[in-house]
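Submitted below is the structure of interest, expressed as structure tokens.
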Amino acid sequence: MASLDPGIGEKFSQRTQRAINHDGTFNVRRRGGPPTHDPYQRLILMPWGRFFGEVSVLFLLLNGAFALAYMALGLENLPGVAAPHGWWQDFLSALFFSVQTFTSVGYGHVYPGSNGAGALSSLEALVGVLTFALATGLLYGRFSRPTARILFSRVAVVSRRPDGTPSLQFRVANRRANILIELSAQVLVKFTDAATKNVSYAALPLERESVSFLPLTWTLVHDLGPGSPLHGLSAADYAARDTEIIVTLKGYDDTFAQNVYSRNSYVASEIAWYHRFRQAYNVGEDGIAEVDLDALDATEPL
Amino acid sequence: MASLDPGIGEKFSQRTQRAINHDGTFNVRRRGGPPTHDPYQRLILMPWGRFFGEVSVLFLLLNGAFALAYMALGLENLPGVAAPHGWWQDFLSALFFSVQTFTSVGYGHVYPGSNGAGALSSLEALVGVLTFALATGLLYGRFSRPTARILFSRVAVVSRRPDGTPSLQFRVANRRANILIELSAQVLVKFTDAATKNVSYAALPLERESVSFLPLTWTLVHDLGPGSPLHGLSAADYAARDTEIIVTLKGYDDTFAQNVYSRNSYVASEIAWYHRFRQAYNVGEDGIAEVDLDALDATEPL
Amino acid sequence: MASLDPGIGEKFSQRTQRAINHDGTFNVRRRGGPPTHDPYQRLILMPWGRFFGEVSVLFLLLNGAFALAYMALGLENLPGVAAPHGWWQDFLSALFFSVQTFTSVGYGHVYPGSNGAGALSSLEALVGVLTFALATGLLYGRFSRPTARILFSRVAVVSRRPDGTPSLQFRVANRRANILIELSAQVLVKFTDAATKNVSYAALPLERESVSFLPLTWTLVHDLGPGSPLHGLSAADYAARDTEIIVTLKGYDDTFAQNVYSRNSYVASEIAWYHRFRQAYNVGEDGIAEVDLDALDATEPL
Amino acid sequence: MASLDPGIGEKFSQRTQRAINHDGTFNVRRRGGPPTHDPYQRLILMPWGRFFGEVSVLFLLLNGAFALAYMALGLENLPGVAAPHGWWQDFLSALFFSVQTFTSVGYGHVYPGSNGAGALSSLEALVGVLTFALATGLLYGRFSRPTARILFSRVAVVSRRPDGTPSLQFRVANRRANILIELSAQVLVKFTDAATKNVSYAALPLERESVSFLPLTWTLVHDLGPGSPLHGLSAADYAARDTEIIVTLKGYDDTFAQNVYSRNSYVASEIAWYHRFRQAYNVGEDGIAEVDLDALDATEPL
């Protein structure tokens, strides 16, 4: 029968760390492969601080290069440059003129006074305008990445329903005020055999695979009865097998018209046995339903 | 059996208001949760007036800060500033120079006359251009949000078809001229038990779950025969149970290549008993079909 | 049984024109409904010539307004304005200064020489920058609309396959070089009863409902055998019933990562009886397959 | 029975080259069809070098045209132009003034000194700003095209599993660090009859049609047992029939919120008989799984 490996591997020479971190990233290092030449992706994904840092450095380098070009042409071609003339002062004057051209400020107290300077400054004006067109596109690309954030309860619980059936449960809520709809979930369990180090996977069907809206919370419930791959296992068994519960959520963010995918996992130490979740929503005096996101993790012993 | 709660809650300590408002928003207040740090989403969602207000204030604050920096540097570094020099006049002169640099206007009657002023104005030129790039991205982000508007009839009707079978009906049309296609609907009923305050849900299947196009109107029909959760209930029963008919529409806007989701609900007081909808479309003299959106709500007694 | 009306209406007081035009638009007029206030959609959808016309007019009006404001302030506040001073010359001078500020050109031969002029020109610089941010967003919004173009054969044919079974066929190809994939089709027939004017619909299943790629042509085939709603009907029958074959195609444009929907219809006069399509593709000397889009419509008698 | 032709043709007058190249493009030439008038698509798809080349040429042509217009108006209308005046020097001076207006630099050492020059430069300022807005939109359009890159193993293998069953296998990995999820595959085989040149297709079902994530590698396996269209065929048979294994992958790029489609094919010479793939992933000392993309193609004899 075909493996249920969701794509994260089956044969390792030793035990691996958890497959999926709480922020949804995979614990995978990548080596080799052809060079990818993807400056756009790099600039889109890097943190904001680093982005503005790289932009500033590029700005200085480009303008420094043009400044050197103006100096090579000869600063007498830029009437109005500051006196006295030493190399460093000339460079600064050329640099400021370059910035004023590159950014289209163009005060005019320094201006191109020859055909050579006219040509070079015209080229720089074009380069400057295109560079800022690029920057605009990059900034928008950074904004428009999907931003839906789904909160998962810090722990999953092994609970017991009123009729006595045991179940594995965890809870999700939408961190933001945007409207998430048509949320569906898939849950797998990953076991690692302590002896062979081989990894196996099994599906954990949920009582409800989807929910129409997520304005409040959604508790995902897997029945631990006889049909479950986890049936009859104790907390010690979970730990011995490096049990990892892997969750994939998929939904639609109606505010920004984007698909939303979210991943998380619970390892053996993140499962609270014989607890249940406290309800995290109720109704205010005025009849408006109220959800308390701080209560998402709240559990109590059975 | 798993609950059909679409995600809007089952156990409340008192009766709640309607779950979904006519504009599709949920009657839910959100508290707690980790801070979200999402200035982009805030700027995209706020009303236009507030957006331009915040942009103007930010513009003034940034330029005010640079003005103070120029003053700290010393206005003698900006030849051409207006006389006489008092603190307020100096500030205004520095402010105007700052704006002329920030927006790249750069008249030049006032200009940086020292290395310090050159450096500060170069920095300001860069900040100004990046801020403009940001504003462009924000403006486009505000535009490109999904804008499809689906009109729902103000009321739903309990009607009777020619063959005597009772049905619950409501009607939708596209408010705009853009083309909506592949529209599908899901309808649920939400009951609140007057004694326990518990909420329950049941599906209301439609005779047609979808329609290919929506250039005219679409009347959604639920058969109130023996299989229906509403079978045999009177208007008083609907009211006693806080009955809410919850509708989710999903379609595709072919003009703007966007998915479209729309929600609405009808509470007991919004159901017209023993009425039917008047046809809202017909054909003009020239053979072109015509839809009258003002007639969307038009009903008549049976 | 629920009607198969795809959404284009069933009860009209007289015969209607064709429901769908060859460019995929619907023959529907819309009246009434709440006002829609959607300048963005209007600006995005209008033809290019009209768009640039409206932009130019808005540009003139805004700058004209600022020009009048500068004149109201008094042109002595703008040192450098041209002489002689008459109302019209003053207006032109103020207008040119306004444009130079609005577009950030800012030559500087005319400049704000008082606090009032400084404030007004600073405001204009901000308005100008925001207006061009808006224009950038609008231009991109106009570009990024879905642009896939599917060509339909000008006629559909009633043909006979080698084994004698009659079939209704028409053909599609991709007008552009972008890659269309996962193309699927739905076909309906619309009849109008000559006496009652009522419209009815029936599905016309295809031998193949979808194709993986569309680099060449795709001939859609409906079997006219005993199961077909068109079985046994002659050309005269088609005309008597105002027969309209309505086609909806759906696919994915892999070059621009967009969904593609296309609609067309064939009325009775656009069906060629007892013809077949000539093959519109073959292979060149070098083994590369070649499709000739001019041959898309090519039919020959059986 | 309806053909399984995925859309790449069945009747050719001679043998064709492979249908799909390794970069996913089709070996198809397109002729004829109505003119498409799609400058946007052309500018978006062309290589970067050519794009910047065309932008620069357009920039020179537009500014050259405005330069000629200023000369026709008479350069005495632009006080400050350089001396001496000959045609070529006049043209250069007008050109530099044009660029300074077009790019909004506007130094001001040359400025419009008459109403005619004011009007012409105002028009040029508007044209310049709109052109910049267009360029920004084009640059963003170029960036935002789907960029996911899926690596396919250079060869497919005919292998034998431990239990003796033969299988056809090939392998994929994600070239980039972005997260690909819900990847599904469809595989067909295309045969060409040596005598008739007719082409036929058959589906090659996989043991697993999809995988949830692709952080490591995914080996796609087709069982060559009795049910397979390739059952019992030898390498010589594959070559005789111009066998081409056509693969379509579809997934979702979670980093950029885009659908991903990828195509590839393996011809007879690209199949390694009685080899198997070496595992390309393992675990590092620290327990982090590691994938080596350089090992994607690594096979070894059985």
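By written order: A, B, C and D. Residues from 1 in each chain.
Simple rule for what comes next: contacts are C-beta pairs under 8 Å (C-beta built on N, C-alpha and C of every residue); 3 or more make two chains touch, one makes a residue touch a chain.
This structure is a prediction, so every number in the text was calculated from the model and none was measured.
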item	value
Chains touching both subunit A and subunit D	B, C
Same-site or different-site touching of subunit A by its copy subunit B, using the half cut	different
Chain pair with more C-beta contacts, C-D versus A-C	C-D
Chain whose mean Cα position lies farthest from subunit D	B
Between subunit B and its twin subunit C, rotation from the CA superposition, multiple of 5 degrees	90
Centre-of-Cα separation between subunit D and subunit C, whole angstrom	25
Inter-centroid spacing, subunit C versus subunit A (mean Cα positions, whole Å)	36
Residue numbers of subunit D (touch at least two other chains)	100, 104-108, 132, 136, 140
Complex contact set, residues of subunit D against subunit C	2-3, 5-9, 11-17, 19, 25-34, 36, 38, 40-41, 44-45, 79, 100-101, 104-108, 111-115, 118-119, 121-122, 125-126, 128-130, 132-134, 136-138, 140-141, 145-146, 186, 188, 248, 250, 258-259, 261, 263
Subunit C partner contacts - residues on subunit B that touch it in the complex	52, 55-56, 59, 63, 82, 89, 92-93, 95-96, 99-100, 103-109, 132, 135-136, 139-140, 143-144, 147, 149, 151, 173, 175-179, 181-183, 207-208, 211-216, 218, 252, 254-257, 279, 281-284, 286-296
Subunit B contact footprint on subunit D (complex, rising order)	104, 106-108, 136
